[in-house]
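There are two complexes below, and they share chain A, which is joined by chain B in the first and by chain C in the second.
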Partner chain A sequence: MTGTTTPAPGAAKPTHVRRGVPVRTPHQAAKAGGGRLGGPLAALPWALPAFAFVGVLLVYPFFRSVYGSFFEENGFTSSFTGLDNYTRLADDPIFGRSLLNTLMWVAGTLLLPVLAGLLIAVATHRMRFGGIAQLVIVLPFAISGAATAVLWNFMLTSEGAVNQVLRGVGLDSWAQPWLLEWPQNTLSMIVASTWQATGLNVVLFAIGLRAIPRETVEAAELDGASGWRMFRYVTLPQLRAVTVVVVGMAIVNSLKAFDMIWILTKGGPARSSETLALSMYRETFRLFHVGYGSAIALVLSVIVVASSWMYLRRQMPDVSGTAAQS
Partner chain B sequence: MGRTVRHLFVAGCVLLWLIPLYLLVVNALTPATEYAGKPEWTFQGFAFLDNLDTAWNVAGIGDSFQSSLLYAVVCGLVAVLVAAMAAFAVVVLPIPRPAFWFWLIYSGTLFPLQMFLAPLFGMYADANLYDTRIGLMLVYTAWAVPFAFFLIRNHMTTMPPELTEAALIDGASFPRIFWRIHVPLMKAGLGAAFIFQFTAVWNDLLLGITLSRSPDVQPVMAALTTLNNAYSSAGPPVILAGALIVSAPTLVLFLVFRGLFLRGVTASAR
Partner chain C sequence: MSGSRHPSMDRRTLLVAAASCALATACGTAAGQPPGKVAVLGDSLPWEKPMAAAGAAMKTVASLQLVPEVNPSLESFEQIVRSSLRTNKTPDMLKYWSGYRLRDLARTGGIEDLTDQWDGAVAKGWVDPSLRGAFTHRRRVYGLPMNLAYWVMFYNPQVFREHDIKTPETWDGFLAACARLKKAGITPLHGTAADRWPSFIWFQEILSRQDPRFYQDLMNGRERYTDPRAERALRTIASFFDKDWFTPMDLSHTDAAAALVRGTVGMVACGTWLGSTLAGAGGKPGDSVGAFVLPMADPKARPSVIFESSALVATVKGADHDEAVEAAGTWLHPAVMRAFSGALQDGCPNPKVKAANPVIAGLAKKVRGDKLWLLNRFWEQGPPELVEATVDDLAGFLLNPSSYRSTLRTMQGRADEAWKVWREAERS
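Up next is the complex of A and B:
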């Protein structure tokens, strides 16, 4: 998920609130309430359980993982090797392929579900039975990635439903083992993931469309806008806020894609359809290259955080401005 | 867009989305013994319960289903409670440096799970938590807290501070303010956070296959994957019946609480 939030503006700075001055920020207000709240430490017990869970099980392992990426470790012995794991990445053809697949996933899951979602939302907007159409398309979103993968495995195997349909309509030459060769295994899985993910975008765009004020559309109609021009110059700009959300989520989720690939191909054959998320898992838990796996995980983390941060900073200057300060 | 084009486009999309779902249902109903090795397009009888029985008992989806239900309900509830308390501390109470606490707790969602896996595995092996239900519940709760915290915190900032002030003046203690004012007023937000985290835990595969192995501990998605790997022996109807049943809880939740569910999702990105 792309976290885009503002801690109360200025909350990081100590605030001096004179008693009796009306204030709006909740915790400033509490301060102004007089000494009844007790010392500043009175709030700590409320935050501690969350801190304990997150600190011990997420934050500590995160730093342990960063540290571990400088070691050659196989689960039994470990020795410090400095940046070796990272220089190995540069020479590893599997890492290159994995990076390329990750980029394909990002590009594919950005283009297909976002465009399809936008088109379907616009087409079903104010249409009779449009709500039902949206519900059908959003249903796969409610079933898990693993179940979707199992279903598409059934469709994409050599004797699967897709080839059956292709042979049935006389396109025998198009029928092929979809999951056994690169690049169509990665592309097929992107299609499967589009089938699952589009529904959510449809709903989000539909919410955005409903929020467009009627007056805006009517004013544009009076000015003679319709069809494409209406869409390009009126609808699309009004959907900007939703688009930021949809694209931001798509970037992060595509980088983390795991379930679909693990079930459909396990990254194979011959590791040809691995993404960074898969490579890390295989190196660490199948090949016991723990340090090397941690290095891949760190590369992936840097890409996830950097891309979502850069995207959001460009799209929502106000939000990241605050985020950068704190 | 012309009217006809528009209708054709929508109809085409609906068809494209329905066909896999239709195949899922039809083939999950086909008797496993009569499955001819390729997908069926028409109903071949009603053997769903037999297929489900095979998946449930022989492949162990049943045990995992119960485990996952336990994980998703308990971890969802605990995570929402813990997150609500933290949000209360950060938003309402005079904690020093609220922004620091916010980012500390929220940072848990920013990184891909892969970043935590290897050290978690090591820690779990050392603490004898590997392949135990309690171990999985701990990590699922920790994993669910940051995002629930984010949702609840956003909701809590919309509450007027005068409510807290009034209660303080009446002499209410923190627990009282939390349980009597914030929790009842935030029911919808807490509900959305719970449904969202229930779904996340239920759908998890990666933590499940990394931190557990035995059938009675493994979460349901891991069990489904195991069943799928035994593709040839179990047969597609059994696997698809399994896929259908593991999707049932989230599907029902989604259909019943569509509003709350979507609010959880949209708030995620606001």
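Up next is the complex of A and C:
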């Protein structure tokens, strides 16, 4: 409770009073409308700069995009077309493919880097030279997405390293143009992205593992837990908080995947590997279909916000509890 | 709280300074270059030095100096141009594309009519008059040619000699050269969909060799993609795939240039600007690098060659408008052109200036000597958004050559829509 600064009335013995930050109760705040500390409006001047920043950088552009999506605009002329841009989305096979690719990115990014990060972190935890192993895996994370894409381009082209290795070991039939055909171009890029993104997940899970109380593990060991059972019933539940962060980041990162795809395939060939972020970029800035691009951006924003909100609401009981009460 | 006064004063001063700077930036007008200097905004880093060389040369003939400014991101460059053209913060001059992309810009009213400068250059013999169409909008000229790249077949003369192949003079000679190279274990042709835009190269080359008139009419919306002549061009390309004459479709031009110099790829179709990449890969003009104009498939057709030329444009609202227009008047001066194309190592639109690169000089001599019909490149032909979309269609065809009929139908559907929009805009 907030009133810990004074002992509870009627207590038999004076208890130790913990010094805490003075906190006003809602009752006090309401009463203090014209008081020394000022009413709720007194905070406004302090909050205004923050409101202004968020308004100018986030809220206005968002609503401007929503407004723009009802227009056919080419950068010079603009005409109101109502929901035409949205009906066009429904008919556009490229948008459909783009949506599918985006979902593949979400699924792939959730499955591969998160799982690989968890497994590597657990496997190298308390292992001899585990820190060094983790460092090696973390290193690709230090490379920018663009540089990673250039590196993987050497590997994934028809004459690239992957096919040369496959041919070298006699697996000629496995060699293929990785970036030229759908869906393997999207899948290949997800693997390349996994190579880079796993490192951060390893770090986060390693921190989570170190935060598990020693006593908990020892108690579980005394109860006879080890191996898989220890991982399933002790380690994994203890990693819940970290997992929420890792998965949340993976969802958002996969939805805004751009640099890797842009450098490796430019969304091609024939727009087969575009994601929503790329389609939005191409329509707006290459084809100057500004209104249509805004409509795609809005769909992407709705997906990002909805999936993040649903996920966090589900995974963070405290947040959902407060939200439910309010 | 003692002692907090000075820091808070400092913070206040800092905030005021920052706010003033932001306000000045937001409200200020373009300062432009000092008198005697004109900035030219471009999208290509390799063009920076040639532009500076041209600028220095211009100073000797017109007391004006061109100052290159480069935004190497193509997308960002286009955004700056399009968004600033109506404001007084627009660049003074631009390196832009010719053809429909230039027309698209000209109809905004934001770029200067340079017809007088063009006519002046023609009168002095400083420019090939046949290039006029590529820089024209509603019969007025809105840009001056900067470079003149021909689209040719690069090859390795040493490899050709080794396998007893003559530089093709006829279409059959070209097919025989491909077959001979294939037999020798060399991939005859570079084909690619890497980086998107090169997907149009083979369609452009084959169509213009088979029927240049039809190419010109199709590109200008007077013919249809579903025409049997367009289908024949794609079938010819498909037959090259059947014979396994192409490299993998993800081989970039840079890698292809290196492969040509090494002798593992027989021929690379590209603009003469590839010369600098070939030189970078160790190619020696005349020794390991040669080039020829692909012979006409139909001997009765008018001999032609595809060209590519960037446009020097002056903006209407640029800070140094008058100086920019004056600079445009001397851009095609032989001294300026010599400095520019010499540094760029590309062909020159001024016939009085010989190309510094012997391979390109030889090609220019042939083009002018044989009076080849100069056809603008696919990328600059047709409404820009149609071109942007059809290169993706052609990429789809290159990866699945049997889809040529459906590709052409899709392309025609796009063309119908794009031309309708374009013509409506033309009327307005």
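Quick notes on this structure:
We take it that the second predicted complex is superposed on the first by the 261 of 326 C-alpha atoms of A that agree within 3 Å, B and C clash if a C-alpha of one lies under 4 Å from a C-alpha of the other, contacts with A are read in each partner's own complex, and residues count from 1 in each chain.
The definition used in the following text is that a residue touches a chain if its C-beta (ideal position, glycine included) is under 8 Å from a C-beta of that chain, and two chains touch if they have at least 3 such contacts.
Note that the coordinates shown come from a computational prediction; the quantities given were computed from them, not determined experimentally.
Residue contacts after overlaying the shared chain place A:G82 against neither chain B nor chain C.
Legend: residue contacts after superposition of the two complexes on their common chain; A:F288 is shown touching chain C, with no touch to chain B. Within the superposed three-chain model, A:L179 lies in touch with chain C and out of touch with chain B [touch as defined at top].
After overlaying the two complexes on the shared chain, residue contacts for A:P237 are found with neither chain B nor chain C. Looking at the shared chain after the overlay, A:R271 reaches chain C, while chain B stays out of its contact range.
Of the two partner chains placed by superposition, A:G131 touches none, neither chain B nor chain C. By the touch criterion defined above, A:S144 lies against chain B but remains apart from chain C after alignment on the C-alpha atoms of chain A. By the touch criterion defined above, A:G96 lies against neither chain B nor chain C after alignment on the C-alpha atoms of chain A.
Counting residues of chain A touched by each partner, chain B versus chain C, the larger count belongs to B. Looking at the shared chain after the overlay, A:L119 reaches chain B, while chain C stays out of its contact range. Residue overlap on chain A between the chain B contacts of one complex and the chain C contacts of the other covers 159, 281, 285.
For chain A in complex with chain B, the touching residues are 1-5, 7-8, 11-12, 23-27, 29-31, 33-34, 36-37, 40, 42-44, 46-47, 49-51, 53-62, 64-65, 68, 116, 119-120, 122-124, 127, 130, 133, 136-137, 139-147, 149-155, 159-161, 164, 195, 199-200, 203-204, 207, 227, 244-246, 248-249, 255-256, 258-259, 262-263, 276-277, 280-281, 284-285, 290, 293-294, 296-298, 300-301, 304-305, 326.
Residues of chain A that touch chain C in their complex: 75-76, 157-159, 177, 179-181, 266, 268-271, 281, 285-289. Of all the residues in chain C, the ones that touch chain A in their complex are 75, 78-79, 82-83, 108, 193-196, 199, 248-251, 255, 385, 388-389, 392-393, 395-396, 398-399.
Of all the residues in chain B, the ones that touch chain A in their complex are 1, 6-7, 9-10, 13-14, 16-21, 23-24, 27, 37-39, 82-83, 85-86, 88-123, 138-139, 141-143, 145-147, 149-150, 153-154, 156-157, 159, 161-162, 164-165, 168-169, 174, 178, 202-203, 205-206, 209-210, 221, 224-225, 228, 231, 236, 239-240, 242-244, 246-247, 250-251, 253-255, 262, 265-266, 268-270.
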